[in-house]
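Here's the structure, in structure tokens; my notes come after.
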Amino acid sequence: MWAYLLRRLVQAVLILLGVSFITFLLLYVLPADPVRQIAGRSATPQVVESIRRELGLDQPFLVQYWNYLTGLVQGDLGRSYLQKADVAGLIASRLPATLQLMALAIVFELIIGLGMGIAAALWRGRAVDSVLMMTSFAAVSAPQFVVGLLLLYLFAVQLGWFPISGYGTFSHAVLPALTLAITGSGWYARMMRSSMIDVLHTDYLRTARAKGLSRGRIVLRHAVPNAILPIIAMIGIDIGIFMGGAVVVESVFGWPGIGQLAWQAIQRVDIPIIMGVTVVSAVAIVLGNLLADMIAPFVDPRIKLR
Amino acid sequence: QEEQLDPNAKAGGSIVITYKDDVATLDPAIGYDWQNWSMIKSVFDGLMDYAPGTTDLRPGLAESYEISDDLLTYTFKLRPGVKFHNGREMTAEDVKYSFNRMLLPATQSPGAGFFGSIKGADKMADGSATELEGLTVEGPQTVRFELSRPDATFLHVLALNFASVVPKEAVEAAGGDFGHQPVGTGAYKLGEWLPGQRVVFQKNPDYWRAGLPYLDQITFEIGQEPVVALLRLQNGEVDVPGDGIPPAKFQEVMSDPDQAARVVEGGQLHTGYITMNVTQAPFDKVEVRRAVNMAINKDRVVQMINNRAVPANQPLPPSMPGYSQGYAGYPHDVEGAKKLLAEAGYPDGFTTELYAMNTDPNPRIAQAIQQDLKAIGINAEIRALAQANVIEAGGAGNAQMVWSGGMGWIADFPDPSNFYGPILGCAGAGEGGWNWSKYCNKDLDAAAQAADAMARPDQAEARLKAWSAVFEGVMEDAPWAPVFNEQRFTMKSPRMGGADALYTDPVSIPINYDYVYVTDVQ
Amino acid sequence: MTETSNTVAAAIPTDIRPGLFRRLMRRKTAVFGAGVIALVVLGALFAPQLAQFPPDQQNFDGLTLEGAPMPPNATYWFGTDLLGRDLFSRLLYGAQTSLIIGVVANGLSILIGTAVGVTAGWRRGWVGAVLMRFTDLMMAFPALLLAICLAAIFQPSLWIVALVIALVNWVQTARIIYTQTISLAERDFIAAERTLGASDWRILRHHILPHLLPTLLVWGTLGISITVLLEATLSFLGVGVQPPTPSWGNIIFENQTYFQSAPWLVFIPGAAILLLALAFNLVGDALREEMDPTQKGRG
Amino acid sequence: MILATQTAGAPAAPVLPGDAPVLSVRDLDVSVMTPSGLRPLVQGMSFDLRRGETLCIAGESGSGKSVTSMAIMGLLPRPAVRVTGGQILFGDEDLAAKGEGAMRRIRGNRIAMIFQEPMTALNPVMQIGTQLAEALRAHTDMGGAEARACALEALKLVRISQPERRLRQYPHELSGGMRQRVVIAMALAMRPDVLIADEPTTALDVTVQREVLDLLRDLQRDTGTAVILITHDMGVVAEMADRVLVMQSGRVVEQGNVEEIFRDPREPYTRELLAAVPRMGDGSGPAAAPGAPLVRFEDVSVRFDIRSGLLQRVTERVHAVEHVRFDIHAGETLSLVGESGCGKSTLARALVGLVPHEGTIRLNGQPIRDMRRQDRLRLHREVQMVFQDPMAALDPRMTVGELIAEPLVIHGIGSAAERRTRAEDLMQRVGLTPEHLSRHPHEFSGGQRQRICIARALALNPRLIIADESVSALDVSVQARVLDLLAALKREFGIAYLFISHDMAVVENISDRVAVMYLGQIVEMGTRAQVFGNPQHAYTRRLMAAVPVPDPGFERPPMPRMASEVPSPVHPVGQGPTRAVLRDVGGGHLVAA
């Protein structure tokens, strides 16, 4: 177990190294000059050069990367070019919001997606099934921005059930999480459906019925726990998507997450922030996958961590 | 001079303003985004300032100033009893510290280039000096600037945020994070700052302009989609949407008399234009450039952005001193344009690229222009890229045509010279410069320099004339095709008070925080 | 059983091949799906003939005086967009782009994902380890950032965009296919093939791939809307298909803030994407059930 | 013995006047809905089941045994399959007319069922204790702790080792025999009136089957539960049944007392069934003269690495096959017997190159390990394998025609037309019709599938066929037919067999020589006569004693109950099992010391 963890962590470090190197390289060859962004429109060439020197951007690529890495090892993610603040601090200040949104979104996603998938599997081939699968397609095809605004307009502006935007209380988080969940739940619904259909044909489900258990118990205690394994791996993937990708939802609902930070940084080539977000979200993805793998044995005791 | 207080104004109350983009920093030496520009103005003061809602210079932290006859020495007498937010009194040493700090390369101030006329500024830039030679402290309340050449814009430059006075001890205490823990002399001090969420300004009770500001508190809510911000305004949660009225909501707002009444329209020191790279064929031919100027149907472009602009025919916006009132510009004339193209040797037109920033409405405007160009046979492929990539392409001279929208010129200070040097003059035409036309007319450059040397107050009129001539000269060569000057439409909540001019303040966008008030306080 | 049919389409069981199309056509949902796809393809192919207006023509009467788009009417069947262009014509032309993105980009990503996943799952050993570690690495890489960087480094064009999307999207497919291949490789009938002396290539082509088909169909059909929308996101970032080239995704993205004031600009293309994805799914589902003999007659 | 008590909600146990039946089935019809209308699966079925009685239902695969039991349980896959006539009287209630809710209260409570596959009958992600307790809690109002105590009691009842520990374990941590005990415990915990056991021991080893049968009988004696035992093993029938019911294609052919049926079967079908039962004797009879050695195992070992730790170093190994040494001669049948997990399949897999081995395996004198491609293809032609589970061994997406022709395609033999003819030939050879060629494997019964596998193995005219438990899952009549087929092929083509089985009776009937395997090693080996006539090793004897005897009169000599757990073949690196040394006790009869 500990050996497993340690080995996975070593792998994770290698992955992070790879991710940071590729990102750094891509940003290096990107046809956009961060210094021009910092210097602004009135800067004289002199000012531009002095800023470039100050940031060490006049040095060769490998030197720059090495400097970045040595900082990274000490937990230093560098300083934002434009905000002139420590990237670690900037990210840390937004991490709680991102994690909170992510957690709630995944919970909603599971409730909606699994609910739909289970119902569709139980009523397979009936109208319920077709409607639900159609809905899952609509959910996957819907642009987040529009879904978010529709929810906001309906539940916040018209009905006033939730605050229009902002961050703080649970009710602030409901609509943004719901937006993410709705657009992501289609995958879960489809996965769960096919997984449930397989489980519904198994011998142990027949045994459960032969024991005279109620339908609810058969579904919830026997079928679902067995069908849920592939879903757990998907949560790991989802963490990655939510870490840097909730930009649209964050901006619709004024959510102070990492997405907005990353977005603005990308547009203005604030390389330390882009790097920081990349590294942090890679860590989150790796940890998320690790967590998914660690949870798996609890869900399915046949799985051994090795 | 005495401060004119609004007799209707009531003190107290707080307002909410929204922005989409994050506030990067409130460090006056660094902040150069259009949204933190006005915020910094309210936290910090410089020696010079503008009367609210106008482009009229007035002394700020300086009580008075004197200009020597050779126009090379400016002596400022500081206002006594001005206190920083930390309670310490501001002195001449602080002015000196602030300028040194801003000009040191380590600070990475994007504004350093504005102060090139001060003696020794170049030595600061290349790192060979750490103290500004041309700035001396004459006494506790007196500073003297020495210039290396006469500079008519110098007082304007001193009104820029970069020239704000900061307290040394606070900068040092912040340990490199002054931008998030600002301490100034301004009307507001920083209350709370939750990154990505909100910035709260508290009234500075010791503000040196007696009776100001009126408001107790301003909350800037960050990361708000403009459409959502407007919904919240309509819901009574927001007082001013900082990003304006989003196009998708404009019709709705303007067709409701109640809401339309709360929209204040005003001019803006902005010009949207197309640059044409004069160093490359086919735009090395002036006929081609003129043809482009004549091809564009500016009225249609303006209509497409909901008439929120006025067609432009010269680089300067109408509200800028030096604007040529009577100048006719190039008429919209498709046949004429075709003829010019044929004269230039392109009777069948040609294919080129039009760069534009990728945020709405810029790609749309680019497409409208594209259609106009097609009408005279020019096939312009659009490159809608992120801001950074457009700037890169324009600076490197790779872009044959660039639509300036989104990155375009909103003046740093209300003086025509600001519209010339970096974007039309030879200085900006080098590799990486912001003169994306790479246009360099030595004669006009000389004329511009001469105009800026006319720094005596009695020369002001003549100087503006000279500038008008320079810009007419530019239009003769047509490195740009000016398209429109954006109008500002600021919307406010019903309780917002204060003259309309405060809501279209040319230097403090979207509103002048120091002078607005709310009507619903007792 | 003829020699050619045996070699050409041997991945598909012989008795299914001749009647597959006919049997598919007996399923109502499949016919509906195929009809929709055919319509979209025809619309895309014959866009020049079918469209009343050139897709990028900014009609003078397509905007109100205040610059607002026109709702659907007799001239502009689906209304006009913010530049006064005919939405119907743009959707027709946009179908070309979106089909290429949805089918080519998505297909390519499935192809890459399958190749990587099958190779890693079949070969195991160090080849498999290297491939899967690389997949892990790509998974930990923010997809959008990669897309932006790639697209910014290359000049954006439709095919580059398709390529970029494929390069970003193959990872999940690879993972899923990898685990499936591993479990397939353990099955007895694969062992049986080996004892007969079948080559790896033969086993992969005739026994592994057909079993991966259902998964590939699910991922492929769900992936269509995802890629079409991803293309739009890329356009939005300035690294997608360049204006004025229409695509269903970028029509939605350009106009999404107008969902209240000009709903047709959002919901019509949205419905188009949904319909296309659904159509592919219906056909895919039918195909899967028809091609899997064990599924026949099962619920 | 504390067993569950009834709640008010559950239907009261029927009051039985004397010998009145607990369950009585009257004219039961079960049909399946097909596109072409209703097709009957069971027709006019009638029988009575009395308290404390064991009724065995025998009959070939597909005769409707399982359908009948599912109909009684109300577990038919509705709406496709449903009761279309008759009554199922439980006391005075007609179960056929009851709704799902009412049936749920009876199921698991008054009537319990045990299914064939212990490996898959338990929920893999739920602890044994929970699975036991939930059955109790579903029918009583006991609390969690009480239900757990009852569950423990039930486990003790089925004589499982370390019952407390089992409660917290998961199914995969138990052996097949233990799992079947758990399933039985689950079924009996509520002390049902009727227990239906559908082939409860078919998937188990003989020795384990022995234990489970003993257990069932003991429990029935103690609790007085009436049992319906479904089986195709006439040995089991003879041992367990009070009364026997023989079914064929959905109809009852004959029913009566067990002695009557065995002594004096009236219907020809019953006689046929009895004749097909392999009986174990003393191994006498003609044996084939040994030919030249075809395959030679020289000190062959197969070990699987278990890696663990940070660096994934090999820390332990599964010693699946240890230093095995024997020959297979041309034209002979060598049987390999032993319990599950002793390494039989692994040995076979090593021979066809599916797992790497140490030592040397020679085919015609040539070591297979360093064969080049050409020779390797010949190996794959000469040695064919028929797998244990025919469904798993046939690609479900191919038609039978393609499957049978595939070996020819792989080896590039013949044109497409020739291959087709050959496939038709082979189909006839194994007793199927050429029309079947265009069907898919799932459209065949288990026995037919196994014949398809054999046809496939024959396609290349092999010299050796490895039959890995090829008949274990088949019912007697089919089994007999397949065995006959194998024997005929052997006579006709001189094919040699490596016949892997755990059924001593079958082995005795088919083999020339026998090797007994235990924990990866051969512990006894000799001709059939030697091994069966004079079993030397204790393990061999135990295997033989466990075989059910198809004779109701047979008195089983008392046998000590075995320790349940088989020792593990897993050893740390560097260690290994002690090597058994084979000693010749005369005439080539080798026995481990």
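Letters are used for the chains, namely A, B, C and D, taken in the order the chains are written, and counting of residues starts over at 1 for each.
Just so it is clear, a residue touches a chain if its C-beta (ideal position, glycine included) is under 8 Å from a C-beta of that chain, and two chains touch if they have at least 3 such contacts.
Keep in mind that what you see is a predicted model, and the values were worked out from it rather than measured.
Colleague: Just by CA atoms, which chain is the most central one?
Modeller: Measuring from the global C-alpha mean, the nearest chain centre belongs to A.
Colleague: Among the chains in this structure, which pair is joined by the largest number of C-beta pairs in contact?
Modeller: Greatest number of C-beta pairs in contact occurs for A-B.
Colleague: Measure off the straight-line distance from the CA centroid of subunit A to the CA centroid of subunit C, and report it in whole Å.
Modeller: For subunit A versus subunit C, the centre distance works out to 23 Å.
Colleague: Once you find the CA centre of subunit C and the CA centre of subunit D, what distance in Å lies between them?
Modeller: Centre separation, subunit C to subunit D: 47 Å.
Colleague: What positions in subunit D touch 2 or more of the other chains?
Modeller: Not one residue in subunit D touches at least two other chains.
Colleague: Of all residues in subunit C, which are in touch with two or more distinct other chains?
Modeller: 148, 152, 237, 257, 260
Colleague: Using the touch definition from the top, which residues of subunit B touch two or more other chains?
Modeller: In subunit B, residues 227, 386, 389 touch at least two other chains, as defined above.
Colleague: Which residues of subunit B touch subunit C in the complex?
Modeller: 226-227, 246-249, 251-252, 254, 300, 303-307, 357-358, 360-361, 363-364, 366-368, 370-371, 381-386, 389
Colleague: Under the definition above, what is the set of subunit D residues touching subunit C in their complex?
Modeller: So the residues of subunit D in touch with subunit C come to 349, 352-354, 376-377, 379-381, 383-385, 387, 389, 392-399, 401-402, 405-407, 409-411, 415-416, 419-420, 438, 440, 442, 460.
Colleague: Write out the stretch or stretches of subunit C touching subunit D in their complex.
Modeller: Its residues touching subunit D are 1-3, 6, 13-15, 187-189, 191-199, 202, 206-207, 210-211, 291-294.
Colleague: Where on subunit A does subunit D make contact in their complex?
Modeller: Answer in residue numbers: 3, 6-7, 10, 202-204, 206-214, 217, 221-222, 225-226, 299-302, 306.
Colleague: Which bits of subunit C are touching subunit B when the two form their complex?
Modeller: 56-58, 63, 65-68, 82-84, 148, 152, 156, 235-239, 242-244, 254, 257-258, 260-262
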